[in-house]
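Chain IDs A, B, C and D follow the sequence of writing; residue 1 opens each chain.
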Amino acid sequence: MDFSSDTAAPAHPKIIEAIAAVNHGTEPSYGADAVNARLRQQLTECLETDDFEYWLCASGTASNALALSTLCSPIGAIACHQEAHIERDERGAPEFFTGGAKLRLLPGQGAQIDETALRAALTANNPDFVHETPLEALSLTNLTECGTAYPVAQVEAFSELAKSAGLRTHLDGARLSNALVTTGASLAEMSWKAGIDVLTLGLTKTGAIGCEVIILFGPMRDQAAALRARAKRSGHMPPKMRFIAAQAEAMLTDNLWLSLAATANSNAKTLADMLCAKPDVSLAYPAQGNEVFCILTPEIEALIQKAGVKCYPWPGGSYRFVCSWATAETDLAAMRDLLAEA
Amino acid sequence: MDFSSDTAAPAHPKIIEAIAAVNHGTEPSYGADAVNARLRQQLTECLETDDFEYWLCASGTASNALALSTLCSPIGAIACHQEAHIERDERGAPEFFTGGAKLRLLPGQGAQIDETALRAALTANNPDFVHETPLEALSLTNLTECGTAYPVAQVEAFSELAKSAGLRTHLDGARLSNALVTTGASLAEMSWKAGIDVLTLGLTKTGAIGCEVIILFGPMRDQAAALRARAKRSGHMPPKMRFIAAQAEAMLTDNLWLSLAATANSNAKTLADMLCAKPDVSLAYPAQGNEVFCILTPEIEALIQKAGVKCYPWPGGSYRFVCSWATAETDLAAMRDLLAEA
Amino acid sequence: MDFSSDTAAPAHPKIIEAIAAVNHGTEPSYGADAVNARLRQQLTECLETDDFEYWLCASGTASNALALSTLCSPIGAIACHQEAHIERDERGAPEFFTGGAKLRLLPGQGAQIDETALRAALTANNPDFVHETPLEALSLTNLTECGTAYPVAQVEAFSELAKSAGLRTHLDGARLSNALVTTGASLAEMSWKAGIDVLTLGLTKTGAIGCEVIILFGPMRDQAAALRARAKRSGHMPPKMRFIAAQAEAMLTDNLWLSLAATANSNAKTLADMLCAKPDVSLAYPAQGNEVFCILTPEIEALIQKAGVKCYPWPGGSYRFVCSWATAETDLAAMRDLLAEA
Amino acid sequence: MDFSSDTAAPAHPKIIEAIAAVNHGTEPSYGADAVNARLRQQLTECLETDDFEYWLCASGTASNALALSTLCSPIGAIACHQEAHIERDERGAPEFFTGGAKLRLLPGQGAQIDETALRAALTANNPDFVHETPLEALSLTNLTECGTAYPVAQVEAFSELAKSAGLRTHLDGARLSNALVTTGASLAEMSWKAGIDVLTLGLTKTGAIGCEVIILFGPMRDQAAALRARAKRSGHMPPKMRFIAAQAEAMLTDNLWLSLAATANSNAKTLADMLCAKPDVSLAYPAQGNEVFCILTPEIEALIQKAGVKCYPWPGGSYRFVCSWATAETDLAAMRDLLAEA
């Protein structure tokens, strides 16, 4: 039973097929290939606009950090949730890629930023006071680190607050597909229509090998050349980019990415339901995507450990279980059997 | 006719097969997978030692820069050839990853460092003089940027010079396979046995999708944890590392990488011979790998441009033609026909 | 009435005299001068040890950041109070000088780190978990940002905690003189004897023009050459260092620095007493140095604003008044008169 | 006999007087003081324009690096002479302050950039080629590292070349006063009128304790806030800035700085003449400021060493002798006597 992470899952077979399919003939290196040309058209349709530039990247950490480096200078700060991936799990990548920018950490339930705290931070922000590092950007994460989903209206509201205070906005969408399935929002609605300036669109956790799309909207397109240069000098301009593009193409074709996310979410719901059916077991946060954060009883904790179920104890006392498109029915069934022992 | 670069070639079919073959079941993320475990054993055999640590990376630029960041502090300098890839073609990646180290550029024919210039730089080096940035590392490239191959004895001699001056040594092996085929040296002979502390073993240009191995030898193993941390914060610790490991495994199995390099070198020799058979055409540098740098006649230049042959004019007046394992026989034949017109 | 900051005060006349006194003849540049030679001897006496190396710096921000760069790598983190000067008032200098290290912010009353929070952070610290940035150093500030003084026993206890968790320790002593006067501790007791590895000994706020001493104790002496190199490349190795050394020498002679701090503290006590004598006025934090944080009544706030008294509203609702060695008796008398109006 | 450096000299007495004169009463910190207000007016007159912003800095290295950080991004390069101070003597400060920019080194006699080499570099510059780091700025030094002076027309010509290629321009004026005296040019003529965007106006080597003025001209004024922020985070915003401003004020008053430079130049001419009067002794470069680079005979070399004359052997075989406003007549006389022995 492996609920450790969606990154432990294999890639979807269509990803492998797509890689094999583009593996013929020579192609210009560094993104000038025919697969990228097709992908641009596809992105235009998915995003419902052509007012964007994009860059492909095999790493989620790098995608976030590159995105942030277009939004925040070395002498600025980025507001984010105190449990955000960019703060907790990227070993200082934002500081590295921006050349020393700071992260300003905000509290909030379920890894969602508390609006009062955000308002207070924005009110206190004073770019003219040279001694303090001023906020230049707001970074949101959807799906959040606690598996909750911001509705579109909340992303809009936060973007508007941020922009009226002179900040620009970033959306870390490592599990955006899961949030879109849950909220029913379209990609456009959750990104540029909601005031997002730069989106990190993750497809790796959804089922690719390694494929993230950094998307610069509207005026941020001016940063496209600098983004490419930063990608180059950080080693995120691999020569054979057709193979990353092929993954994105496969994912967007026929909305495979959303189908896979729907399956993952459904698996998570199944798991959450079976866990919560037990007495004294409850969710730490609403399971609004493919992650289940559950407060277990000591008896069930013991069962789980004995059975070697792969999952993570989480700060705050819960356990994190992650499902994916590939979560085995046998794993879910085995978990059901295990819980029956309690 | 595409002789633009070995990175324009497709991956070898065995690479695709290997990726497909490991795409089943869950695997621990970030390098703790079973494929990496097998690869470690395989590397031990290829390197003829177990006194090493390694890290996989999909990018050659990042591999070099990560390697250099283990060898040189932010307040040190790296000696390299003035035409080295790390100076010319990586958009400041070494400076970025090291936190501001400098590159000290040395001259030399055929992109090989001139020994007199190296000796002078080492003699002038004074780590106790606080105002100047002292050399901390020497970086060699084999195959060089001009397609020439350092023999093992030269790598040994330069390593010894560097070490006696307190420097550590790096070998950029983006096209190491081609150099090994030409020189007949083994991987061990060309690396740790020749005094190399950190090797960037490139397999991408040889025929992988994206696969480089950073190898820390001997005492440099102490830097393994820092290397992993630096890889993480620069986005070079993708979760699904089994797919990079599978490429390396396929390449090393039955010495596929050396077979592919032999084919590429042979293609280059064929091309060089047909070019040099023309009156007044000559090689700018000996073609000791899969690259041909050729000084053409104006007539042939015109023919090539008219035919749309993909190759690059190079500083110094020559043209660079690169062959790969996948160089099409039809391309070589077409070139022969084209030259016949002259 | 100017209680804005001790940095608004002039330098003590002996500082000017000392600068004038060394202004004759040529002297080797960059710290090899005779004044520094004398200062080293003087520091040895004041510190009660010769097991140290030091570097002079005209800037408190740079002194802290340089000190931290010897204690924390680019891939590590520094624990400090969430209101620490290095976090709030240095525009990202620690991030800049360390090459991207993170600050881990800890809560606590009166800008003193809460011991429970520190213990929790140390317990959670896991240098082997590559995704999170591990703590490498603890930075304390004495006098704190809220004008409170850590007693020696607390510094000792925190140092011991930190070291048993593998961290090294820094003391930001921008107002250390004020804390020493209050606690009665000696410089040695409050620094290396209490387990501090690197001390930033501030003399600027005490009454110099610009003079801080970065002191590396014990094994940290190994970092002396790197510290000098980092000072050089950050522009903190001015050629005519005799003039900074002369300030330090004057300050340490006959314990001038402690006398000036005693005067400043006494002025602050006078001010605190007259403020707290008013009904409903109270201290936000104990006035244990030369700073008074006071919660005023609206009436007194209005009086102060009308009179143009220079002081700062502080987060949390208090006002900060800072005294120095040069606080004018006329200013204190004028304040007394003003308060009498309430 | 101390001809080691102009930085070994004491400060001019008027500098000490100026510092003493402003040492009364409280003053706003960080540059908002009355002395700076006066200085701004004075600079306006000296520069013959008010279309500038400035920042004071005690360090020449930091002044250059801060200036360059306003002109070149982390993904750009700065063209400079291969012997420039920013390359040779600042321990990587430009790389540090810019966040990783590269220096592109150009050759040229007497530490003056060769025009052909500059034209070639500009022609080869291709900001659209993402793999190479494009030139963003040109940095000139006047007086050069070899003691030669660029005439105004040469600065103009180089600025024009640079600007027509899209670069911005920096002038390192650590010894600008000496160059102005020699060339007869005004400060305005040698800076903004000649197309310089950012000037580092050095007064330390001229006779201050530590005082450099970074001046942003015209459109570069937009960078003033960022410059202040960068100064803050690098520790170059000391609180008591009145003391640096007082030095600048004293220097500019009645053109003291130019008088001191004239004296220094005159001393150098005296020294050069007496050296060159000896058979077989010649200048390595024209002595166009306060530095003399002289090729000595072995006999004179031996005499000088035996007498303990402080001067530096220089790359290329010459010796560097530096004079200042304070070069002792006794030292010049002693040198004359010494040479008489040869």
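Here is the rule we go by: a residue touches a chain if its C-beta (ideal position, glycine included) is under 8 Å from a C-beta of that chain, and two chains touch if they have at least 3 such contacts.
As the structure is a prediction and not an experimental result, all values here were calculated from the model.
Participant: Looking at the contacts, which chains touch subunit A and subunit D alike?
Facilitator: Shared contacts of subunit A and subunit D: B, C.
Participant: In terms of residue numbering, is the interface formed by subunit B and subunit C classified as same (over half shared) or different (under half shared)?
Facilitator: Because over half of the interface numbers appear in both copies, subunit C and subunit B meet with the same residues.
Participant: Tell me, please, which chain's centre (mean of its C-alpha atoms) is farthest from the centre of subunit C?
Facilitator: Farthest by centroid: B.
Participant: Where the CA atoms of subunit A average out and where those of subunit B average out, how many Å apart are those spots?
Facilitator: The computed centroid separation for subunit A versus subunit B comes out at 34 Å.
Participant: Taking each chain's centre as the mean position of its Cα atoms, how many Å separate subunit B from subunit C?
Facilitator: It comes to 50 Å between the two C-alpha centres.
Participant: Rounded to a whole Å, what is the gap between the Cα centroids of subunit A and subunit C?
Facilitator: 41
Participant: Can you list the residues of subunit D that touch 2 or more other chains?
Facilitator: Within subunit D, the residues that touch at least two other chains are 74-75, 90-92, 96, 100, 130-131, 229, 232-233, 237.
Participant: Quick one: in the complex, what on subunit A touches subunit C?
Facilitator: 74-75, 77, 88-92, 95-96, 100-103, 105, 130-133
Participant: What residues on subunit C touch subunit B, complex-wise?
Facilitator: Counting only subunit C, the residues touching subunit B are 30, 73-75, 99-100, 127-128, 130-131, 225-226, 228-230, 232-233, 237.
Participant: Name, in rising order, each residue of subunit A that touches subunit B in their complex.
Facilitator: It comes out as residues 2, 4-5, 7-11, 13, 16, 19-20, 23-29, 57-63, 65-66, 90-93, 96, 204-205, 209-210, 229, 232-240, 243, 310, 326.
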